[in-house]
Amino acid sequence: MNVGIVGATGYGGLELIRFLHNHPAVEQLALFTSSEEGVLFSSKFGHLMTIVDRPLQKIEEDTLAEFDVVFTSTPSGVTSKLLPSLVNTGPKLIDLSGDFRLKNLASYEAWYGKKAAPFNAVQQSVYGLTEWNSEHIRQATLIANPGCYPTAVLLPLLPLVKERLIDPSFLVIDAKSGISGAGNKPSQTTHFSETNENFSIYKVNTHQHIPEIEQALSMFAHVETSITFNTHLVPMTRGILATSYAPVTAGVTEAQLVACLQETYDKHPFVRIVTGATSLGTNRVKGSNYCDILVKVDARTNRATIVSVIDNLVKGAAGQAIQNMNVQFDLPQTTGLDVVPFFI
Amino acid sequence: MNVGIVGATGYGGLELIRFLHNHPAVEQLALFTSSEEGVLFSSKFGHLMTIVDRPLQKIEEDTLAEFDVVFTSTPSGVTSKLLPSLVNTGPKLIDLSGDFRLKNLASYEAWYGKKAAPFNAVQQSVYGLTEWNSEHIRQATLIANPGCYPTAVLLPLLPLVKERLIDPSFLVIDAKSGISGAGNKPSQTTHFSETNENFSIYKVNTHQHIPEIEQALSMFAHVETSITFNTHLVPMTRGILATSYAPVTAGVTEAQLVACLQETYDKHPFVRIVTGATSLGTNRVKGSNYCDILVKVDARTNRATIVSVIDNLVKGAAGQAIQNMNVQFDLPQTTGLDVVPFFI
Amino acid sequence: MNVGIVGATGYGGLELIRFLHNHPAVEQLALFTSSEEGVLFSSKFGHLMTIVDRPLQKIEEDTLAEFDVVFTSTPSGVTSKLLPSLVNTGPKLIDLSGDFRLKNLASYEAWYGKKAAPFNAVQQSVYGLTEWNSEHIRQATLIANPGCYPTAVLLPLLPLVKERLIDPSFLVIDAKSGISGAGNKPSQTTHFSETNENFSIYKVNTHQHIPEIEQALSMFAHVETSITFNTHLVPMTRGILATSYAPVTAGVTEAQLVACLQETYDKHPFVRIVTGATSLGTNRVKGSNYCDILVKVDARTNRATIVSVIDNLVKGAAGQAIQNMNVQFDLPQTTGLDVVPFFI
Amino acid sequence: MNVGIVGATGYGGLELIRFLHNHPAVEQLALFTSSEEGVLFSSKFGHLMTIVDRPLQKIEEDTLAEFDVVFTSTPSGVTSKLLPSLVNTGPKLIDLSGDFRLKNLASYEAWYGKKAAPFNAVQQSVYGLTEWNSEHIRQATLIANPGCYPTAVLLPLLPLVKERLIDPSFLVIDAKSGISGAGNKPSQTTHFSETNENFSIYKVNTHQHIPEIEQALSMFAHVETSITFNTHLVPMTRGILATSYAPVTAGVTEAQLVACLQETYDKHPFVRIVTGATSLGTNRVKGSNYCDILVKVDARTNRATIVSVIDNLVKGAAGQAIQNMNVQFDLPQTTGLDVVPFFI
């Protein structure tokens, strides 16, 4: 399999390289850039010395068309212009930016503040939440890989909402992310001295992942709802923990919530339902493609606390993208992703 | 003023020393310990070399009775035994442990899993949320200094609930704390390698600060409600950020919420209402006694997002305790506490 | 005393504000900027809300000339142009940039890669290592405040070299700094995700503080020597620890080294000589103006290991600058600086 | 290959599991403990849920004797008692504790403050610095896996000392380690709040790795020397950076030092010689078995600055242990270790 990565110098791109380098079905890995053509990749990223000693290539449609798979991991607003003309030319396209996720173009333009991708390409794109959409992913030409927060939030909520075990009309989702989610571009809000020893909320009530989560709740759990969703920056590099709250349907027990999750993900190796614990941390999944889930019902309020953790760069980006590639090429989903989490 | 500190070697004790050392009304500062009698304090805590070069003293009732103020900053379950006999013997007692906060002894025993303090002492104790209880604090013999989480949560919520601008029947409070809140005793959950680069939820739905918050909502806002409250550990030392969610009362606007907070805290120098921002971080208050508050209403859901930040060791512990001492001795509340936050 | 700060938005400037706000001799504090004239300071730095609610002022010579003291805390290359015309116009000038430290202009230009300040101004400037130069500082019109690394390195080394207790011809100095030393301007090397969980050496053998240290060894200890000096970035915000190595003069004991340091700094409250310890950390001095020193002789090699810690933003910048101001105005050196270190 | 791990619950043990789980030649992995027999491993370490769902086994000689390889990763003083009777009974023994490293038993007892292992077992053990001792490692029954610091220090120094390009009589080695090097046992010095935002030196001039480094300099570079060696704790989890200083032999150039290193490690995939850089950080090797080396000569002093970085838990412990296993079983050294460093 010949694989191209556009946006190789971003953190999503670097994680793609970390996993694809050891993927048994990947023969060739080519790295594309908009601005640093010819630069030796390992001279820019010293950790890849002797591992990826090849130059960055110029992004050209003809060249990209010859690959079996092209991953695009760019800031939003870039692939909406690049990819449409590549659809149906040959390569499987897996886009890690948000440009093809929202079916409603007006919604994209309102939340992202950018021009949406062309209607046809968006319609043809398939939302790449692997555990929930593998049939369509297998056939897809263009995959809209889910956002990091939506992945962490949807995996635990979709089964519970779909089965109406919790009330989707009062969903409060409080999400926390490591700072790598902000990408590799320096700014005041990612400047070490101002981020270290500082926990902050940002984009209060206005994060662009809100419509993506609501769309998926509609698509997979058949519920139209407006969620409350907020995001925080944790002074660490990797990891998302999302704490979701919802009233439990009358008569439903904690055991039923747990059973629903266990049944849903019984055959899905990357989703693990945790029981018997009163705490859960992002270090359970660091560096890996796992999503771990803990659910507890508070008998005092009959509300559920639903906790999930992922590595934002893996299950929240590059890992799930490769999982989708595996689905498309009929490989076991764990191919190239079967690594043990770091813990420390 | 002669001041004694029981539990001087804990983080609450160290912060008391940090501020009291420069407090203009404090003449003498004595440090008491249950186990390290005679040890030179600065030999144990090198940062206090040349600053606090005195030995730890043995805890003796007769000695403590001679002080003007005695701060107790011990693990829970200690001062419930130590303090009752000191009440009314002379010194103002300011307890930073949770032993005298809950008026309902059965509730204490259920949530803390420990024997409660004697009924009479608990009844006589005054809850030390300075901005809300200064009249009683002024007269008090025994002050139950509030918990760190309750302080961060109550300051923004009390005015809004009291005025019924938000609906207290669906309060969801998602709190996050730096690790100093766990105290100075080493354990696996405070072990650097397992805490660093790890964000975790703990004690899901069972934190002992829940009844304290509910009691204060009843006491000051006259509402009986069961809250949803969860706590998380942030890989940083200091700081609490609490994100609270509640439905907004029909017809009430964001501007009204902001105005209510501004009016409530107009004469209170340590509570600052932030406007015009879409983010808020703990570094605004690091090392200081401030509580900063941001409130936003999400027009899509008509729910409020109410964010507050404090330094858990200052406004959440030692700072508020000294603020209470100032009230008791008719000093300006800012005396000895007028420091500029660290920011970095 | 009316005080102006040029470069108030940098970390040195913010620390000046943190201390000067509580300095009993400071009446008025004015903040100057080259680019953000009229911006409310507390709108830019939220932690200063209600504390420093004044607008940034335009830098104008006439205005600056009216102050009693002007601190300049800018990147290198700025004050070399701004200050010369202000010398002898009235205000005491205390420059925290490196522009006036090196008496040899060619050396400045070689190490900094910038045009040096005018010869006359450099000649008139006084090196502000307070404990070693207070007589000249008292008279000075223009103080060149020492660099952070030189302060940490010189305080322990100068007495030992001056007394020839160690051999200055083989001085190896291995210094480590928190990341705030790199200032507030975002860049790839201060980007959280690439700095966190990463310890690195930088500018191997070429740091511009090398000639400053050598000049001070010549000036105060009367030794001409070429040192080995390297600098590392620690994933923390504040603090410098310098580990220096030198052969001990034949016949000299560890006790003599300790005694020399103790005698030198006996009357200097900010320098503390640590004995009886086998470890030393930057948290001893965090947030304060102390420099703590530990010296050990290895009997196996007859070499001394000399360790010193400072807060780079305080004793290494703003604190020492205010200490110098205190000297100039015949105030006790500790005025406004008598804070307890943070420890945690 | 059937593999046993004694001390599986320590950080060395966890890293062995992380790599051996994906090692193509490992069929069975058994985990042994001295105190938690029967405990499900994944209930203790949640990150291994569904990956290592087997119980801890009791340490019994007969059981251990049936494995092909037994890794022991325990605190010092344990395997000196456990392993001698297992030598020559069948399994290859690879000991990650320091108990068999020092050939001089008196030296062990002096530096470790513990009873040394039996003479015969120590004599039979082979020092497992893979790149320098693979011939003996291939034949060894008992491998003394090198310490983390010695690995980081010896890989760059041995070639230069062996070829007499630098002067070993004045070697100053300043080493810095992440906190995972202190193991998984909680203590005040690994307590988050006291370690975070704190850089410290510890065990000044007395670290037990000193005799190990000197022994290896003698063994492989044929030089008897007393080194100066100090160790520091960095507030991060993983990584060692060692900065070594030595006079360069007269007439020798930087290019010769670089060439010597490049030639020595030309066929060794895990040692990478960095050129063209003026900085080097531990994130180049995080999570991997690489050792990256940078050497610079300061023309002002004619001294070399020699910098090396490793992941202390990988090349400094579990990774090198597996590399040694690969050598023993005639597998390519990179088998199971061919992972891409994390960088972030």
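Lettered A, B, C and D in written order, each chain numbered from 1.
In this text, contacts are C-beta pairs under 8 Å (C-beta built on N, C-alpha and C of every residue); 3 or more make two chains touch, one makes a residue touch a chain.
None of the values given here were measured: they were computed from a predicted structure.
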Duplicate of the A-C contact set - from A-B, B-D or B-C, the pair where over half of the pairs recur: B-D
Remotest chain, chain A as reference, centres from CA atoms: C
Whole-Å separation of chain centres (CA-atom averages), chain C against chain D: 38
Interchain centroid distance [CA atoms averaged], chain B/chain D, Å: 46
Averaged-CA centre spacing for the pair chain D and chain A, given as whole angstrom: 36
Residue list for chain D, restricted to those that touch at least two other chains: 11, 180, 193-194, 196-197, 235-238, 280, 283, 286, 343-344
Touching residues on chain B, where the partner in the complex is chain C: 11, 14, 17-18, 21-22, 43, 45-51, 180, 197, 237-238, 269, 272, 274, 276-277, 280, 283-288, 292, 313, 338-344
In the complex, chain B residues that touch chain A: 170, 172, 174, 176, 178, 189, 193-194, 196-206, 226-228, 230, 232-239, 241, 243, 245, 278-283, 286, 294, 296, 298, 300-301, 303, 305, 307, 343-344
Contact set on chain D toward chain B in their complex: 11, 179-180, 182, 184, 186-188, 190-197, 235-237
